[in-house]
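Quick one: the structure is below, and I'll ask about it shortly.
Note that the chains take the letters A, B, C and D in the order they are written out, and that residue 1 is the start of every chain.
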Amino acid sequence: MKPINVSEYEVLAQQKIEPGAWDYYQGGSDDEVTLRANRTAFERIRLRPRVLVNVETISMQTSVLGTPIAMPIMVAPTSSHCVAYPEGECATTRGTGAAGSLMIASCVSTRTLEEIAEEAQKTACPLWFQLYVFNDIQITEGLVRRAEQAGYRALVLTVDTPRLGKRERDLRNNVIIPPAPHRAANFAAGHPVFRPILTWETLAWLRGITHLPLLIKGVLTAEDALLAVQHGVDGIIVSNHGGRQLDGALASIEALPEVAEAVEGRCEIYVDGGIRRGTDVLKALALGARAVFIGRPTLWGLAVNGSEGVRDVLEILHAELELAMALSGRPTLASIDRSLVKLPSMAVL
Amino acid sequence: MKPINVSEYEVLAQQKIEPGAWDYYQGGSDDEVTLRANRTAFERIRLRPRVLVNVETISMQTSVLGTPIAMPIMVAPTSSHCVAYPEGECATTRGTGAAGSLMIASCVSTRTLEEIAEEAQKTACPLWFQLYVFNDIQITEGLVRRAEQAGYRALVLTVDTPRLGKRERDLRNNVIIPPAPHRAANFAAGHPVFRPILTWETLAWLRGITHLPLLIKGVLTAEDALLAVQHGVDGIIVSNHGGRQLDGALASIEALPEVAEAVEGRCEIYVDGGIRRGTDVLKALALGARAVFIGRPTLWGLAVNGSEGVRDVLEILHAELELAMALSGRPTLASIDRSLVKLPSMAVL
Amino acid sequence: MKPINVSEYEVLAQQKIEPGAWDYYQGGSDDEVTLRANRTAFERIRLRPRVLVNVETISMQTSVLGTPIAMPIMVAPTSSHCVAYPEGECATTRGTGAAGSLMIASCVSTRTLEEIAEEAQKTACPLWFQLYVFNDIQITEGLVRRAEQAGYRALVLTVDTPRLGKRERDLRNNVIIPPAPHRAANFAAGHPVFRPILTWETLAWLRGITHLPLLIKGVLTAEDALLAVQHGVDGIIVSNHGGRQLDGALASIEALPEVAEAVEGRCEIYVDGGIRRGTDVLKALALGARAVFIGRPTLWGLAVNGSEGVRDVLEILHAELELAMALSGRPTLASIDRSLVKLPSMAVL
Amino acid sequence: MKPINVSEYEVLAQQKIEPGAWDYYQGGSDDEVTLRANRTAFERIRLRPRVLVNVETISMQTSVLGTPIAMPIMVAPTSSHCVAYPEGECATTRGTGAAGSLMIASCVSTRTLEEIAEEAQKTACPLWFQLYVFNDIQITEGLVRRAEQAGYRALVLTVDTPRLGKRERDLRNNVIIPPAPHRAANFAAGHPVFRPILTWETLAWLRGITHLPLLIKGVLTAEDALLAVQHGVDGIIVSNHGGRQLDGALASIEALPEVAEAVEGRCEIYVDGGIRRGTDVLKALALGARAVFIGRPTLWGLAVNGSEGVRDVLEILHAELELAMALSGRPTLASIDRSLVKLPSMAVL
């Protein structure tokens, strides 16, 4: 029977993915406190639905940095899709486009960014390119040029990974990602080396070498959101990297309100981390996100059924969000505001 | 042995009802967060009993929209009683009347509203009629006329169901309610089709075509309570539809205080959702409800022992409320006020 | 091996007491929410110990209504001790006196109040007499006269039992207390009948017919504490009757602060409910109690080892309190104040 | 496989240590509420990481009372190391020095303080000496002189142990520490006798008889921290003795903020209790500690692999703290401030 929600995809995906890779995808850092908090924080937020609103037509089409998308739900960058499904990122982008959404291609993909971009055209999937900054600055600039060339519409600089988090499942499994015979296809060597020096100056440099819109991913504080605005970023993705970097960090939905308050509309704000239901999307929108990103659920869909699985996961969330908007009396994205949610008086458990 | 509380009826009822229908009755939407919250929210409210009050005589007789009832506990509308017990809603109304209470007949009943009204006379059970608004406005108006004709004393417009919630148990069980050979007896086709366009204008229209008192069921916010008052409703039922519509919505007892504060006595307020004990009723009254409705417990009583079971469930709650009033030093409904309860400082868990 | 704490007595006692009686002693009303809260509320209070205080000598001798006792821990009234141990209340009072404490004899005892008083002399156990008010006012006055005659030093009027709570364990076990061949020894009929009309006027009447000091037991609110002071009571016992009356009522330690604040020293304040450790006693003293009462633990000690068991339970608590006073830098009762505790910001869980 | 975190050392250590001694090391007092709170309190604190900070070089070298150490993580005094590993404290000090850290030698050691000091020179391990005050004041002064002579750099007066906490595991196991054939090597009799009279005057006396810097260990309140400053102590260790003394006392990390606020930099502040991760260290530093002490984890390392195990435990925490500093954008100790943490609004669970 076809899965009826995202969690059912999770169960099925585990049967398709080799245990070490499964742990890599599912795990967080240290004691996985933040990984769990990403979920539990959503569950503690209450919705205040309005009634007797005309919800015959629900409209959730929107645009992100000027690119129209069918729903405020997009695909977060995750690495090494070929481990989950042979076609890898090419299948993911086709499924994403078929659902009318946008994908951020990971720079640690198992298909080249050019292959992904070419495949994306089949379903008109808009693409953004996720960028790490590497020790060899040439490599970084090379990736930017290739992304520009291939038609990516924005660059997403991940800023929460000056080093890799301590992912103990991977240490125990002795996992290297991507595992052979897969390779980080964008790199001649088959794997990237991170650069520990990544600062606001790096951001300014990046800003200077490309005309693509620039986002930063991994902000969790009002302070950094303000700095980002001052540095002219076009968008901020509130994220704790799926609980895979600093354990104990704020759940991303806990951090969203302070970021939204600080930014005051001066750039677009997105959030990822723990979104598994349409009502989670609704809560994120109410707390100031223009749209959300989903990470692991896309991989579950991919592992279970390739591009169809990805599309289906997105469509499940689309349907759930549509229903949640109808049931909460918010037929348009503009009608979703802060009054829709009631927060616990304690931000953390 | 005769059940000594409502939960014992729940255990017995499960043995009487086919698993798919049981899931239909028991389940909520999505992850059933609100379904559980309806219970846990009651458990977090503390009572502040007074002592040395004369509680020899406990009086809980009251009236709702002018109709006298023996206790501030009434029967919420639930669908398809014939699935739980052959006589269906006719048995429920007899039991309700025998206990001195009032029943809201669901418009999705498995006996016609006329059959129910006729049977209700045997125990002088006052009836209100629950109304969905249907695509064919004629059907709606037809139901109103039939309810007027049959002696129903008020109309209860359900406003939290512009669409059906995502009830995953039912999706997995492939349940259609009512299951054959049962049918939605009020409808020629044997099943109703909901109308997605139901707005404050619809309410005004309904108000205009009947002289029956009008209530709306499904309000969870102060904002909507105020609008309801402005639209001249006679009563508001604070409800999240038993956790079956928008998952993550406020527990109904969490929403009651803000509704009561907004209404300031300008119409009657009731609440349903998670009431399983006399002390739950007491808490609801202290927080501003004139009376409460119980849904699933009535069905458990019905399944276990027909009209006698319904009556017994109501009488158990009557006895528990009477005892709770005595033990809290509140011998009359008028003596139950806000000082009887102490709320957690955090409205949600 | 000799039990090292009160909980070990609980485990041993269960092996000595017949299951129905065990349930009677251990159980609470309804869902036992308040029964559990009596314990969990203590666990949520934190202690703020002081250091480098001279704690060589710990002094916990005190007096209650002028009667000196060796520790601020006394024996609450509980019924039907002969069910737990053949000698019943006579053994309890001997053990209590041996520990230097005071006992409140229940009026529903299985030994007569005169027998208890006579036995009490063997260990110089001071006695107070717990009083219910009965339908036949003559019986009540008779008991008062007998208590005066027998040397009881105060009367404790239980005010939280206008009716018996719904104790579902007992309903299921079909328990009658005291079970045959035991009987309520103070009553010719062998059992008492409660009077539902017990008001502040009753208290005034009682005040008028005796010169014994008068306490009321079962107060949980500032409002009633104030009324009690105005009616000239000598002491208030903050209590929810061990979670056996109104389920959902405040834990007694939760109610203590508001009572203490309202009374402002105008009468003595005690508390019972959930005290199982010396640190619990310390918390209660810090929150305004002059002394505490323990109920079930005394019965456990009695069941396990008669008067020796009672004495040992009291001495365990004495030793634990002494240690807790030493470890918190509070060598005298006078040095125990509000600054010793840190309350959760939420009074209820 | 080599343990990858401190908890894995815990698992391995249990296989090396005899059950009674294991209970002695692992256990707390009474119901072990504070023992558990020491851990859960850390888990409820959220981190607010900053991004785009240059974290290429992480610097955590610091000094404590003028002594340079490689990391703000030191070894707390714990007793009887020979029970865990034959070489006992001599192995611990070698491992500590190898990791560039400092050890507080317990005065209840199973090797003499002189043996420990001699061994410490092999890895240049700086030592502080932990002191209890004993009935025979000569013994205390003798220990001070021996510590001065042997090159210990500071005295740490434990102030939370006027008596031993009620450690029920030990009572049940009938454990005497150190068990034969081990002995408290610093004492001719092979065991010490505590002095119950230890006051601020004792502290003044101690201050007067030695020129060594003086710290007190076991402070949990702002009041005592202020007194300590007024008495001229050089350092305060916020501690509840690993949950082994007053059960119900504040978790040490809960007490740290009020101590830091009261002290206002007038002496150095440290904390121990429940630190198992680099992120725990980071939280403690953010809340005002100059450095932290770890107790049980050192013993686990010692039991598993002698001095190498001790070094490895410290190096694991060093690596975790370095990573946590990098991932939170705090490359220096000076950059770690209060804004790094978000506390729950409720100080206790």
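Basically, a residue touches a chain if its C-beta (ideal position, glycine included) is under 8 Å from a C-beta of that chain, and two chains touch if they have at least 3 such contacts.
Please read all numbers here as calculations on a predicted model, not as lab measurements.
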Interface residue identity across copies chain C, chain D - same or different by half:
different
State, to the nearest whole Å, the distance from the C-alpha centre of chain A to the C-alpha centre of chain D.
42
For chain B paired with chain D, centre-to-centre distance based on mean C-alpha positions, whole Å:
59
For chain A, jot down the residues that touch at least 2 other chains.
345-346
When you draw the chains as points and link the ones that touch, which shape shows up: line, ring, star, complete, or other?
ring
Show me the residue ranges of chain B that touch chain C in the complex, using the header's touch definition.
1, 4-5, 43-56, 277, 279, 283, 320, 323-324, 326-328, 339, 342-346
Within their complex, state which residues of chain A touch chain D.
30-31, 33, 37, 159-160, 162-163, 165-166, 168, 171-172, 196-200, 202-203, 216, 218-221, 223-224, 227, 245-251, 254-255, 345-349
